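Shown next, in structure tokens, is the structure this report addresses.
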Amino acid sequence: MQRIGVFVCWCGSNIAGPVDVERVAEAMKSVPGVVHSTTYQYMCSEVGQSRIMEAIKEHQLTGVVVCSCSPRMHENTFRKTAQRAGLNPYMVEIANIREQCSWIHKDKEVGTQKAIVLAKAAVAKVMLNTPLQAGTSPVIKRALVIGGGIAGIQTALDIADAGYEVDIVEKSPTIGGRMAQLDKTFPTLDCSACILTPKMVDAAQNEKIDIISYAQVEKVSGFVGNFTVTIRKKARFVDELKCTGCGACMEKCPSKKGKNEFNMGLNNRTAIYIPFAQAIPNVAVIDPEQCLKLKTGKCGLCERVCSAGAINYKQEDEVFERQYGAIVAATGFKPIDLDAFDEYGYSQSKDVVTSLEFERIMNAAGPTGGQLVRPSDGKHPHEIVFIQCVGSRDTSGCGKPYCSKICCMYTAKHAMLVRDKYPDVNVHVFYIDVRTPGKNFDEFYRRAVEQYGVDYIKGMVGKVFPEGDKLIVQGSDLINGKQLALQADMVVLAAAIEPDPSARKLATMLTASMDTNDFFTEAHPKLRPVESPTAGVFLSGVCQGPKDIPETVAQAGAAASKVIGLLAKDHLVTNPCVAQSNELLCNGCSQCERVCPYGAISYVEKEIRGPGVREVRRVAQVNPAVCQGCGACTVTCPSGAMDLQGFSNLQIMAEVDAICK
Amino acid sequence: MSEALIPMLGVVTAIRQDTPDVKTFRVEALGGGKCFEHMPGQCAMLSIPGVGEAMFSITSSPTVKEYMEFSIKKCGCLTDWLHRMDVGQQILIRGPYGNGFPVEGELKGQNLLFIAGGIGLAPLRSVINYCRHYRQNYGNIQILYGSRSKDDLVDYQEILDEWMQDEGIKVYLTIDRAQEGWDGHVGFVPSYVEELGFDPQGKVLVCGPPIMIKFTLQSLEKLGFTKQQVFTTMELRMKCGVGKCGRCNIGDKYVCKDGPVFRFDELSELPDEY
Amino acid sequence: MQGTAQLILERARELMQSGQIQRVLGWEKGEFEHDPTPAFFESEEELQNFCYNDYCGANLSKYLIAASKLEGKTLVCIKPCDSYSLNQLITEHRVNREKVFVLAVPCPGMLDPVKTEGKDLSQGERKDYLLDKCLCCKGAEHKIADETIEGPSLDLAPEDRFAQVRELEALSPQERFDFWRGELSRCIRCNACRNVCPACSCVKCVFDNPNSGVSSKASADDFEENMFHIIRAFHVAGRCTDCGECSRVCPQRIPLHLLNRKFIADIDELYGEYQAGEEAEQRSPLVNYQTTDKEPSDALKGRG
Amino acid sequence: MQVRQDWKPKIVAFCCNWCSYAGADLAGSSRRSYPADVKIIRVPCSCRVNPLFILRAFQRGADGVIICGCHPGDCHYTSGNYYARRRMTLLFKMLEYLGIEKGRTRVEWVSAAEGAKFSSVMNDFVQTVTALGENVKLEDLRCKEPLN
Amino acid sequence: MKKIAENRLPELYQALSAERKLYLPLEEGGVVGYGLYSPEKKTALTAPSTVKSPKELFFPQVEGVVNFQMQGKNIDILPIEMPKEDFVVMGVRACDVRSFDVLDRVFLSDPVDGYYAARREHGTIVSLACDQPQNSCFCEAFGIDAAAPAGDVRCFIREGVLYWQALTDKGQALTDSLFGLLEEAGPAGQEQQEAFTAETKEKLQALPYHGLDLSAFTPDRLGELFHDPKWKKLSQACLGCGSCTFVCPTCQCYDVRDFDTGHGIQRYRCWDSCMYSDFTMMAHGTPRPTQLEKFRQRFMHKLVYFPSNNEGMYSCVGCGRCVRKCPIHMHIVKVIKALGGKKDE
């Protein structure tokens, strides 16, 4: 017989309001096996915990049920409490009577009855709990950062700073990401490249950091402290070690029709190219889609001009495996496709551009050399209309339901820069709300309006269409209550941002969850914002949610500190709630091995002894360090030989019984 | 109608930890006293609803009027449960079952040699204490008891405090392997039997693991004992206890009804299926 | 049949003489034509009682689990339909391929002693007397063989094995419920279906294991009847080769194969055609998936 | 069949720890109510749900059983919910084949972020099961009535 | 002796079932088994045999024994009411009637099994003589007269008439309760019976198992038979299923199990089979580890152990059910012939 103690938490009035906690505690007293049942205002408090500890000792409890908030909140707290009182921490079960009871049921009778049932189910389960011992597994002291934007770079720098090796895998030929494409940054208007490139160089020069550019993660296996990652480094047809970045090849390359990705396709580049002057690594790359040599076998000019002998048309993708203790996702964002927003005329006129395109136009290293000209005819514009919230805060289904957060500020920045450089240009901004919650943000916006005379119009734009060489912007001015039809030379759309499409595949590989918008989910939205729910996987930058540069950098540092905390450990305590094979029942059929996502199951031939049995059989064995405890094998096993500790067949059935009674 | 399968209620009034895996439970009727009378070597079905029911030999002597005792080794679902229960637990009991040792028949007036191994002492303890109670009815009493280690000797305290103190009772103890704090005999029961070279007279009552019984019998035969002199008690899976459920038979004999005590000459005529 | 039996016997004797095999797993003559028994033959002398006749419907593949543990190789007579079961058992490592010499024997379709009892077989067609499982014959081809004995095969266009499943599916839920209740209520839980089933090869069945939480020896009520058969069918889903033995041995003639065939039909429809035991080392559809698999809600759409 | 006025269905919801259980927590913290007839059993993954548990629930008096897991592709264990999807599809189709009302069983994918969805799914499921009435086709009478 | 025209049997059923439950062979799903009569059921009184024997009407496959309630350390024992409803079983063949003698030896011997005894007390057996014995039948070997079964009432059907003869007080009481439904058969009844017996005898002599020799199975040969090496071969293909056991009219092994209903514990007993792997399994093993021992137990029990304890009465009645139902055709007749030696040997 187990001796169970039940501890019902009031959680202040959170539980005690809608649930009669005393009645719950009273009802539990008559449940067979329960020898102690009590309540307290806050079980998770110091006092609450010490009450549990005292009761464990006084009543020689063999199991504890805490009726409180979600086990996702305090299961660990109470396990530790039990452990401090000398009880195995896995002899604790939580009945979730807050999130799944008191917070959703207003009727006190209903809530109380449900709480009693949930508590009984937890008791039924804990009666069958067995003391479990956590094992340990070693930590590989190397981190992987996926994405080489400002988030990834900062994370890698901070990890390296602490003395750990870290690899950055970047899918494009250079690190730098979106920030490298920006002209100025708000609200200080300092030059983006000027503050980013030193960091890029730092990363390149740091001997703890290995930048694996033009590469992608193909497969991730393993678990926290012990991931094995397969990386595919795409063939760039240029030997990274030999190339000096002199650029001679680019000058000679006859194929000049490649879209310049760095300039958002606003101009072209050669087939062999270096993305931008400060690229890291500063190494050329051949676009196989454009290269005549690779496509037709005829050309080879670049090979001839390359004095370093770096060109290698036969280079192939390189696939290799590396081991990491921690992985940071820093996959960043992209502006959404505007196909669904044809009313803004993006596809109809070259003079309707996105903000990021506008950023390149304004940039001295951009396609126009920093001259503000219309993409269609190179003429200087006189009227520019900015439209905000293009695809953001859009519940129609075409766009994104969330606020992209950075648009208000960069639009103010653009408007201000235009007015500063070209006072002859009139700037109008259509907005729904202007959101400026940040240090010096509102002041910045007010300067745009007050000092630079930017015309902010609260209202929606219904349609943008070309008429002659002008663009007509039809919109409403909500404040003045009238319909507008502005003639503009250029229209700039503040397109919503969305997670980079590569993130979805990566999330699957990492078994990290994503929300409906494909942003990575945090382990806890408030308390663990830089960790994913998957142990050992951390989040940095916009892949977790829209944010500006300082926030990104802050989060990057936070993620790095979490990684450092992990890598600082030599061993990790492993989850003992793993599968276990009862060799007496095992048929050796291999079905479980086939469903195990972690390859944790292997087979051995061994002599099996049991009641009336003594023979050599092929039986399954589970590697507890590798098993993550999903339980896929347990259902595949017809004989029930495979069971999951902590969630055993009998435990779950006992819960079912208690609930259905 | 009294129905054999319907148990009566008892209550556990004392629990003694004998060895790391053996506990002795004292069971009384709800109003005190014994649930039923029995003879040495007879058994009872104990059960806990929802856990199981199993046959156990009654280890206390019939001469004890206040209670019955059961020495139970932890080896399965029910026994695990019993080992975890507290005093005051009600328990289901039915019986008595089986023939028991012929203490008022063949054994009467005889020199008796008891040979037990491990938990095998449980059924013999009832006989030993019965014979001690009616000491005048029996001749010499010798007891040879062995177990794996000193800690595995069941009823050790009673052996030391009572049996060894009785005049005319000789107790020989042995353990399988030498251990600290044990200055007694070390060795297996069958070889100790030969070593002690008992006079092949009177009757022998043997109980213990099957392998021990097998070799002890050989040792006894070497010493000149015949099968007619040796008794043992059997253990097979039982469900009804009344010879109807069909599983505890050895040949045409039901252990629950015709046994559990068999004389070796009877047993050797039965198929070797136990 | 006599000729085939003779060919098998000759070959078995040769192999036994040459020491390549230790024993033969086949059928032993009964007292009558209709009651041969599966049997191991350890010597040439024992082989005198070997028979292979119209009533050798039993699937011998499951006996190879035990034979795999014996010394030496066992020659087994495998009919085309049995070969699927054998492959499946090899895939699941229950039978050691190395320990088995597969003698593929031809099958002209086996007769059902219940159908032939007291009948003059010269009257009517062979089809009328065939075991039900033979009416949906998977064909004359063996999926595994070390050696093949040639002989007559079943000359019959097989029936659509899913026809009855579809008929049932077309009924209303209440009609289906009544149908299955009527059938399953006859179950006496003799476990013949389970014990004969080559896919039910667990060393200990969950229903026999007192620690499984679901053990039961007899069905106490409707629920337990349903439970046993649903779980049994589920446990063999994706592994059942549709050998039909369960229905053949059921003393109450419950059409148990219709449960297994339902799973097969659904698997075929939802996850692509799959025949368990078609070849060794296949991945059963229940230990496999496609990211594009149908959602349960979509799969269950339609009919009430 | 006569449905008693005061009759409430018993619903067992198996929720995977990483998505749906968290989704249920979110439903709670955002105070999105659903009937108290729903009781949640936490499992590590939807692939932990054995058909035995589902039948057991019906045996013990459940009127509906719902399995909630991460959205396909989002499984914390990569592929658990894919296996669960096949198993449950086949099992539910078998139950339907046996004439058991298919509304009594359901699989839903609910992410940790979908508190609102969790609540609406549960409301809808309870409504469906309530309309179906008591589970009589898969009941075990022994478990329904108190002894003697 | 009484009689009633065969085409008036439904009236007889109605009358019999009016005041008590009537069980008789019914056809369902293509198989015949004893079932509770109601007018819409398809009766099969004259079917040569049923899949299961009528034993289940007296010794059900599953039957509650006693219930318990647990409260803390306390246990409440809640007894179950003994069966007390009168019922009639009709159409019981001679072999099955004899099976009750076998079961009585077990269940009515001290200590009496109350549940079985109550059903025997409340049940009236109306037997039906065989006019179409099957090829698998061998009741003759056990001295059973298929044409003149025992029972409380004995019936036979000849030329479209069912003849009815009460053999016991209980049978007489049942007969009396049928008022005017049955007519007096008169001396013609006797003639019909003689003719019937002669015809059946002829058919029995033509059966393949006619003359089955059981003389080798005597208690004094227990050891010899037990150790016969033929058991290995006989048992090697046995599936270890319980079909033979569960269709057998005399197999009476049972298991006692507890079921937790959630509201209390039901202790029930259910049929068990000595062929099952867990039948004698204990925590440390089983005395019958392989199918050989289990198989041997079943037949040794029927042919040697039981007779040894019951004045030579075999616990087989030759109904032939196991012969028909064994999935591998390995049954008691093959065993008898193999171990007893065929007559022509």
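Here the chain labels run A, B, C, D and E in written order, and each chain numbers its own residues starting at 1.
One rule holds in what follows: a residue touches a chain if its C-beta (ideal position, glycine included) is under 8 Å from a C-beta of that chain, and two chains touch if they have at least 3 such contacts.
For clarity, every value in this text was computed on a predicted model and none was experimentally measured.
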item	value
Chain pair, A-B or A-E, that carries the greater number of C-beta contacts	A-E
Central chain (by mean CA position)	D
Longest centre-to-centre distance from subunit D, chain (CA-based)	B
Averaged-CA centre spacing for the pair subunit E and subunit D, given as whole angstrom	46
Computed distance of Cα centres, subunit E from subunit B, in Å	40
Rounded Å distance, subunit A centre to subunit D centre (Cα mean)	30
Geometric centre distance via CA averages, subunit C-subunit A, whole Å	51
Residue numbers of subunit E (touch at least two other chains)	70, 255, 259-260, 262-264, 272, 281-284, 286
Residues of subunit A whose C-beta touches two or more other chains	595, 636, 649, 653, 657, 660-661
Residues of subunit C touching at least two other chains	204, 206, 210-211, 213-214, 220, 286-288
Partner subunit D, residues of subunit C touching it in the complex	165, 168-169, 173-181, 206, 213-214, 220-224, 226-227, 230-231, 233-234, 237, 259, 262-263, 266-267, 270-271, 285-291, 293-297, 299-300
Residues of subunit D defined as touching subunit C within the complex	51-52, 55-56, 58-59, 72-73, 79, 82-83, 85-102, 106-107, 137-142
Complex contact set, residues of subunit E against subunit C	28-31, 33, 51-52, 61-62, 135, 208, 233, 236-237, 239-243, 245-247, 255, 257, 259, 268, 270-273, 276-278, 325, 327-330, 333-334, 337
Subunit D residues touching subunit A - in the complex, by the definition given at the top	10, 12, 17-19, 21-22, 24-29, 31-34, 36, 39-45, 47-53, 56-57, 60-62, 70, 73-80, 83, 87, 111-114, 119, 143
Complex contacts: residues of subunit A adjacent to subunit B	1-2
